[in-house]
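Pasting the structures here.
What follows is subunit A paired twice: with subunit B in the first complex and subunit C in the second.
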Partner chain A sequence: MTRRLPRLALGLPAVLLLLVFLILPYAEMITMSFRTSQPGTMHGAGFTADHYRNVMSGGLYLGALARSLLLALFITLACLVVSYPIAWHLSRASGRKALLLYACVASPLMIGVLIRNFGWMIIVNVDGPLNRVLLSLGLIDRPLRLLFTQGLVALALVHVFTPFMVLPINNALRNINPAVIEASRSLGASRFATFWKVILPLSFPGIQPGLILVFVLATAAYVTPALLGGQMVTMMPTLVVQTLVGTFDWPLGATLAVVMATAALIAVVVFSLATQRLMERVRA
Partner chain B sequence: MTVASLGSRASRLAGSSLIVLLYAFLLIPLVAVVAASLTAGEFMRLPPEGLSLRWFARFFQRGDLVEALLMSLRIALVSTLVTGIVALMAALASQSLSRRMAVWFQIGMTLPLLIPELLTAIGLLFFLYRIGLGKTVLGLQIGHIVLAFPYCYVSIAAALRQIDPALDDASGSLGASGWQTFRHVTLPLAMPGLVMGAVFAFITSFDLYTVSLLLKPIGGNTLPLALFDFLTYEFSPTAAAAATMSVLLAFAGVAVIQKLVGLQRAF
Partner chain C sequence: MSSLEISALCKRYGPAVALDGVSLTAGQGELVSLLGPSGCGKTTALRCIAGFIDPDDGDIRANGVSILATPSSKRDFGVVFQNYALFPHLNVAENVGYGLLFRKGSKAERERRVREVLEQVQLVGLEHRLPRELSGGQQQRVALARALVIQPRLLLLDEPLANLDARLRDDVRWLIRDVQQASRTTAFYVTHDQAEAMAISDKIAVMKNGKVAQFASPREIYQRPAERYVASFTGEANFLAAEVERALGGGLFRVRAGGATLDVRGAGPFAGSAVLLARPESLAIVTDGTGQLEGRVVKSVFLGAVQHCEVVLRDGASVRLGTPPDRPLPADGTVSVRLDVDRTWLMPDAVP
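Let's turn to the complex of A and B:
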């Protein structure tokens, strides 16, 4: 016991760091969302729930929220479709090949979102390589204007979040006992049936956290819509930052942030509850 | 050759081309950035019109970009040192927790990674103002430390879990003090994890954008902020040169991690 106590005390700085600079700021954000707005200063005196009423009744805000949630949902599903084959392939590789493939999946993770978005800008630019290839193949007769479209934002976000999905699914696939797959095959199940009835459910412990993480991060992704979306589409994160930095209305910005976080959280809780039974069956 | 084997060969071919396409999807933007920075021509074109390093020279002639690069490096270095020490201490503490408690502790320690950066940045914006650190370098530094911390913690905690507890006990029963055991047994064994955590923390901090945007100190700019501004009015290979620095940093990081721990264990 005498050795345990000082050892536990080593965790104190980290706990303090997160308590003071993570938990308190969230409390401050919620408090801020109930303060009154006053132009020229951070907030006025007194408290009000007006911002929530304003946000919930305004088509602009709810529209942006709905767009952001829908886009996040689409991105999450697209990530799953892109990630699953990669994760499967990765989970079967070994030795030097596996190493190289891991590097391919992990390297994008270590490069900033801004840089990766910028790469897409270079590719889809009006006189960029994509347009020139399509032109020379005769598939289009005028360069496509892809920059500042929602499609490009979605593509770039799928790219940003794919590694977050590949890694947990890969781990889950590696944990499947190969004997189970062999048993299914030798009992006469087709490749497709084996995948659908055995492999896919058994990899769900990797799929579920991947889906949740990507959905939450995609809902509040700011950089990509700001850089690649231009002024055309209003998404919730860009609206929040505009309100905070542009019009300098902190209480309203805080309210928008809280509403966005709450909506994402509700979606995650509903999804977790809906998939709980599947998770329990897989564990059993 | 039967029709069935032809069919299975065709489907295998389709499968492997799909895989190649998907990996290409992951890597193409990175290749585009590096290739565009190496052009000898005047414009951001792919494939580059001849190879040269002139746009890197141009980058280093731009005082504002170089200053932003130095600021990013400085902040990333401090983030690495602080998170390294705090995370190592926390990981050591987590070893004396019960299994159940350790899981919860880990979730708590990785919270900044699990919740969106934008929300944390907004909370910090308000909170730092409240305590008088709004728009200061120290405030920005704090934000970077909070967001880099989980990466560091996860790497170090994983490294410590690999160490056989018997070694600790053996050292103790041979008369080593707690500090001696840490210094001569635990620390050397945990070193690869510690270095990996440091690499993650440095790279994360170097690349952060959203939190820097909201906590930007007066007159200070980090490289990602400067790059974003640069891109909105000038689409020149100088930007690609700036971005390539991040790509090189990441590849160096991946190489270091591979050398020390092996990528498979890291991710």
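Let's turn to the complex of A and C:
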């Protein structure tokens, strides 16, 4: 018994941390989502499921949810396409070159979210450096209006989420025995066939967590869409914040947050189940 | 199925020279071993043949045609890797059938061919297992089957038995030899194990520091080694310093060695000093007065079927030999040793 105690004690901080910062807040939020709304106070006295009925029947909310999930999906896939070649080069590099590449990959995370987004604003401004360069090169006739567009939001999010995709894929690629690639080539497979049949499946243990991480992050992204996307298109996180802070309707805001989290969770679970067989085959 | 000719192959990695003018030939259906310690360049040579690395200089020709410009995917060479390098996400049948995906033939033909090869390497019934569900010996068989299924022009084996335990090693070695013979496939076999090379090869290239020290049949390598390095790498060897008195003609030389005058075979010419190779089996302790050498037993070890002795000869050289275990050694250790001169070999004492 005395020997068991230290092990339990080791796990205790993690359990406490999860309880205080994950389970309790979610429990509180779920409870809040079933309370009645009452202007002027945080919530009314009774409980109701009206908010869920309201959210599920309202085109405004479901539309925002669908837009958020679709944008997140697009960002995730774009991130994968951008990140894979980077991860490949990173996995082949060693020594100083690897160190430099790691620093480059992590660079989007080294700047605070506000500074980074103000940076984007400055760069893509009608009068900004990007437009000036493109104009002087004669590639465009008129300045591009990029600020407050969905495209810019997607670009900025792909940029900042790239490390979350590159690093796990890099890890998985490093775990592939180079002789397996040589074996494929010697058996007659072209470079493309080798990539498609050997490298890609064997790097899936990195692709899967990368996709999940970026998708979840992109679904919940608030600051970047708020700053670079303007007020033209409503996204789910923006709605949540507006409801909580703007109209001060905490029960409805909590409902929106729960719906959004549940939708993201379902997407992740479905994706994990769909790729479970592949994962089982390729796990090291 | 083809012959392969390697000429003056060179490969440098910075200041390190991995291959320094390697020339070899393998006739059609021959199995050639590259034998040497780690770092001698044998694997580099094999990787050049496979097309995984490009040599800096020299040429490799298959059936007389240079293949250096051909990528490994177009060489049609089956490679068996040291760590098997099976595709971990594909089952046995998919691993074996992989090479057929890039060749002509229907699905049914592919399946028939896979079954055929799996029968050949005795793996029928394991088609749906993943590599990690197989034992080391089974994985090695899959690797062999995967290389054979494409009916390669050349089979390249890189230390295929290194990761197997001793008992399996014998089985798989015979299997490799059998299927190689049955398919008449030309093969290169990299190993650091001389017994393995002896047992399996038509020809052996003993490699040393990126060069071929000797390229000949196993018998020739063992019995008539070109130099001390080759002799000691291919088995237990005693070396006696020999003073060459004169050539007797017909490959015979009169030498003084181990305190006696002997007429021995060698591939001269020799000037002055040389080294006489006497394998343990060419030496025997005798009591019938036919021994040419006198010495004293300083150590003896009973090994069951044989007794190993170390004998210091009159001139101070020590030799190892085997004697029947039931014959008692003289109490004072003084013995007479007979040297079977037909089984000795005179070599130059230094190689340029």
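Here is the rule we use: the second predicted complex is superposed on the first by the 268 of 284 C-alpha atoms of A that agree within 3 Å, B and C clash if a C-alpha of one lies under 4 Å from a C-alpha of the other, contacts with A are read in each partner's own complex, and residues count from 1 in each chain.
Everything that follows uses one rule, which is that a residue touches a chain if its C-beta (ideal position, glycine included) is under 8 Å from a C-beta of that chain, and two chains touch if they have at least 3 such contacts.
The structure displayed is predicted, hence computed values, not measured ones.
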item: First (subunit B), second (subunit C), both or neither touched by A:Ala183; value: second
item: Partner chain in contact with A:Ala193 - subunit B first, subunit C second, else both or neither; value: second
item: Partner with the higher number of touched subunit A residues, subunit C or subunit B; value: B
item: Which of subunit B and subunit C A:Arg92 touches, first, second, both or neither; value: neither
item: Partner chain in contact with A:Arg67 - subunit B first, subunit C second, else both or neither; value: neither
item: Of all residues in subunit A, those that touch subunit C in their complex; value: 177, 179-180, 182-190, 193, 197-198, 201-202, 278, 281-282, 284
item: Contact footprint of subunit B on subunit A as seen in their complex; value: 3-4, 6-15, 17-18, 21-22, 24-26, 28-29, 32, 42, 82, 85-86, 89, 98-99, 101-123, 125, 127-129, 159, 162-163, 167, 213, 216-217, 219-223, 226-227, 237, 240-241, 244-245, 250, 253-254, 257, 260-261
item: In the complex with subunit A, residue positions of subunit B that touch it; value: 15, 18-19, 22-23, 25-33, 36, 43-47, 86-87, 89-90, 92-97, 105, 108-109, 111-112, 114-120, 122-130, 142-143, 145-146, 149, 153, 178, 200, 203, 206-210, 213-214, 224, 227-228, 231, 235, 239-240, 243, 246-247, 250-251, 253-254, 258, 262-264, 266-267
item: Subunit C residues within the subunit A interface of the complex; value: 50-52, 71-79, 81-83, 85-89, 98-99, 101-103, 130, 146-147, 150
